[in-house]
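Order as written gives the chain letters A, B, C and D; numbering starts at 1 within each chain.
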Amino acid sequence: MSTDADAIRHWWRTSIIEMEPGKIAFRGTPIEELIGNVSFPQMIWLMVRGGTPSEAEARLFEAALVAGVDHGPQAPSIAAARMASTCGLGLNNAIATGVNMLGDVHGGAGEQCAELYYDISRRLDEGTVLINAVQEGLDNWRSEYGKIVSGFGHRFHKPTDPRAPRLMALVRAAASEGTVSGRYADIGEAVQAELGRARGTPIAMNIDGATAVIFCELGFPSPLSRGLFCLSRSVGILAHSWEQMNQGGRNKGPMPPRFLPEYDPGDHSE
Amino acid sequence: MSTDADAIRHWWRTSIIEMEPGKIAFRGTPIEELIGNVSFPQMIWLMVRGGTPSEAEARLFEAALVAGVDHGPQAPSIAAARMASTCGLGLNNAIATGVNMLGDVHGGAGEQCAELYYDISRRLDEGTVLINAVQEGLDNWRSEYGKIVSGFGHRFHKPTDPRAPRLMALVRAAASEGTVSGRYADIGEAVQAELGRARGTPIAMNIDGATAVIFCELGFPSPLSRGLFCLSRSVGILAHSWEQMNQGGRNKGPMPPRFLPEYDPGDHSE
Amino acid sequence: MSTDADAIRHWWRTSIIEMEPGKIAFRGTPIEELIGNVSFPQMIWLMVRGGTPSEAEARLFEAALVAGVDHGPQAPSIAAARMASTCGLGLNNAIATGVNMLGDVHGGAGEQCAELYYDISRRLDEGTVLINAVQEGLDNWRSEYGKIVSGFGHRFHKPTDPRAPRLMALVRAAASEGTVSGRYADIGEAVQAELGRARGTPIAMNIDGATAVIFCELGFPSPLSRGLFCLSRSVGILAHSWEQMNQGGRNKGPMPPRFLPEYDPGDHSE
Amino acid sequence: MSTDADAIRHWWRTSIIEMEPGKIAFRGTPIEELIGNVSFPQMIWLMVRGGTPSEAEARLFEAALVAGVDHGPQAPSIAAARMASTCGLGLNNAIATGVNMLGDVHGGAGEQCAELYYDISRRLDEGTVLINAVQEGLDNWRSEYGKIVSGFGHRFHKPTDPRAPRLMALVRAAASEGTVSGRYADIGEAVQAELGRARGTPIAMNIDGATAVIFCELGFPSPLSRGLFCLSRSVGILAHSWEQMNQGGRNKGPMPPRFLPEYDPGDHSE
């Protein structure tokens, strides 16, 4: 029979951290043994899924974290964070403002793309050949998410997003060394090829599509493609918030004050 | 003479990132040269302040990032993020909820503590001896922020927060190798000693106080003690949000549903 | 041919507000004619959809806004905001923290419920009788959102949420006066009856289900059931943040500090 | 002796709401007696401070809420919320994004301005004449907050913000009817006159300065000038988020995609 205290403690149960006065342990290892002994990417891995990656796995994981840090002030997450830091907010609030924006259209793209890759992988497991698995996977994915396939295409980087080929080369190298299987690299590139074929012109694999390949190769569940991207992009959000703080400004709007939004009278009847 | 387009582009000027179709460079280095070649901590350093740390500097920096990742569901940032992930939000929104909470009392503590250390350091530069510099620095700091000195004391980890001595040992080792000066380790420990002396019982250096030592040793401006802590704590926030998502629950409140908040009729007159 | 300035201005075009130095007009009416002449609910209506409601419509609208302001510290939105205000954040950040939580499980419930009502309404328009329209609507809705029907059932208020019958009585009164049609009251109660019948025990219509009836009666598109609820709940979030600020506390966690989360060693292998 | 259950319940104690299954009461009044009987502004008043305003007080309060709803997409809070709603976020997340931005520079301006008014009022109580109380109050305020006085001056509305004279006229009318004293209207206008005199050219009272007059006349503590402004501005944030959702767009940045932020190579050395 559970006491009130047990019920409360159970309500907040966790397998991540164990604490007593003077003691902090993460997934069984005291913090003082982790500090100075594991890299930051290894610590991220330990925290979000448990276990410690090999050095080779950690290097590939790290490459994905490095790749996604920033895409400049044209990205709404970065612009919003820069504006926030001129409104008298602390850096914590500015970062939160930016990360909050990494919704289904951006951070969620990595998650949705990972779902597509895993679905295609299951079809391969069932014996479907790659090209068919890709087409069936795309059909299935689009019935849920619509025509635009997350992880592919870039309104700016045409025909190539410079991050994707570099990341894919690292995956291929890791596969040749046996660190990962290379299966999701095959899948990602097959999806890219199929999308290009269907529209008659090549399409870029973007940062979400490329990092999802890596996170799938390393076995992260799809929602973590979104979550890990948020950690990565937080770096750029912080850097830009801080740069803006040093540039100064108060209540920075999206354009210099002399430009006024166009007023479109529209239809004021209900 | 500036055109409209130039004015707009200038409004969003940045020294962090340069973009053209097919090109992304951070502080002058193409992204494809960074991916796979710099560690995630080095990338963080490059983004927020420019330049690349030596390997020894990066290791010390990494230790601070590893140390601050989590303090469990009793921390409001972690609890809020866990609750958020039961409200139908994406991991990006859950992380934002948690990071937003790292305000003056927590994330800001690192910033305020760094201000104290830098102020004491300036007094040393002016020839004041350490014990006097500490006392004057504390007086000055308290006149702005009040009696409770950020970075010291822990309501839970008494008498010692296990993270602090481990971090300080790494700083001392780095100082003995010439990576850092060790000045801020001296200052931090002198502040800790003075606070303990004044109240007649030892006081713990907490995670904010210890990481601020490292960020000061490495030359980061004080607001970045807050910003970098946010990056670090984001890891725990993500891990707990994800664990909660897997535990399930809908609209998780702060206690099991059978406990109701106490109603205190108070005084309803104005 | 669009100039750069025109392109920028067009990028931020709006039909809501027109500004010139010394002039602010909302949907065509100068602000100084609105201040003191329209009620706050009328202003909300004007802003989010244009037009001005009749007094009778405004009263019904206002009842929905009043009804949803708060559900106490057991609600994650309220608890999170209270915790936020002990972390050194301003009231703006505390409100944001709370409102951010009103995701698909809570604020989104009103939106999803309105979708259900509108779908059933369309079936009635096509000649389906109410009971069939309800069953078909529920089937259709569940194929998208799952078994638990948003707007109905309450883990705490059993068998009746006291807000719902009062709101429904106001809708009925408004219908008898010709202010609204009463169609969505019929639909909402038919859904409630059908859910109760199917599970063999009555089920409460909750605040999301009842306010969605009103917002549908008044013709608000379904996503605004979520948006308007956020405005309403912001009131309680502010009240609780402010009460907590006056109670004091620093870094308030979800339970008193002497209770520690239960550590569940779980399985640390990957 | 407190039991565990009592301790938990006490941790979340509140004077705002009392709940039992089937019962919700706010500051002692059952919700079903409030719905349909109090206006939304009266409910806001009841929630945040207790008590019910007279109709005349409620009208003045309502005018302040109406006045602050929006200042268009040039405001960072509005722009950020519009961008958020193109990132795949719900309206709750978009509102949170906007409200989070109402920090010390904006929402906080009302709070700081109310502090100034109350400080001047205390000086009047001590017998200082108005002009001296204003000068001393300004000196005292600036020693804490710096040269730019919150609540006065507008980079856009020169020489007059159309909201302020209208609000002040309503305060004057309410004072002549005995609803309020008019003391804070005197103070606000004396501050405005003094600021104009000192710089040799008239300065506008802005929305923060004018609503702070009303909130002080009605006896709200200064932090609530920030909090109530957030409720008001939430309306515009919702309206713009919703308008943007209907305009469409994905990952809307601060300027049309063909404009790129200027890259300023700066100094990449540390």
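Keep this in mind: contacts are C-beta pairs under 8 Å (C-beta built on N, C-alpha and C of every residue); 3 or more make two chains touch, one makes a residue touch a chain.
The structure displayed is predicted, hence computed values, not measured ones.
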item: Interface sides of chain A and chain B: same vs different residues, half threshold; value: same
item: Selected pair, greater C-beta contact count between B-C and C-D; value: C-D
item: Per Cα centroids, the chain farthest from chain A; value: D
item: Where chain B and chain C are represented by their mean Cα positions, the distance between them in whole Å; value: 36
item: Separation of mean Cα positions, chain D and chain C [Å, integer]; value: 22
item: Contacts with two or more other chains, residues of chain A listed in rising order; value: 4-5, 8, 12-15, 17, 19, 72-74, 79, 89, 93, 96-97, 100-104, 108, 156, 254-255, 259-261
item: Residues of chain D touching chain A in the complex; value: 3-5, 8, 72-77, 79-80, 83-84, 86-89, 93, 96-97, 100-106, 108, 155-156, 250-255, 257, 260-261
item: Chain D - residues contacting chain C, complex; value: 4, 7-8, 11-17, 19, 21-24, 26, 30-32, 34-36, 38-41, 43-44, 47-48, 59, 62-63, 65-67, 69-74, 79, 82, 90-93, 95-97, 99-104, 107-108, 111, 156-163, 165-167, 170, 223-224, 226-228, 230-231, 234-236, 238-243, 245, 247, 255-256, 258-259
item: Contacting residues of chain C [partner chain A, same complex]; value: 5-6, 8-10, 12-15, 17-20, 27-28, 49-51, 89, 93, 100, 219, 254-255, 259-270
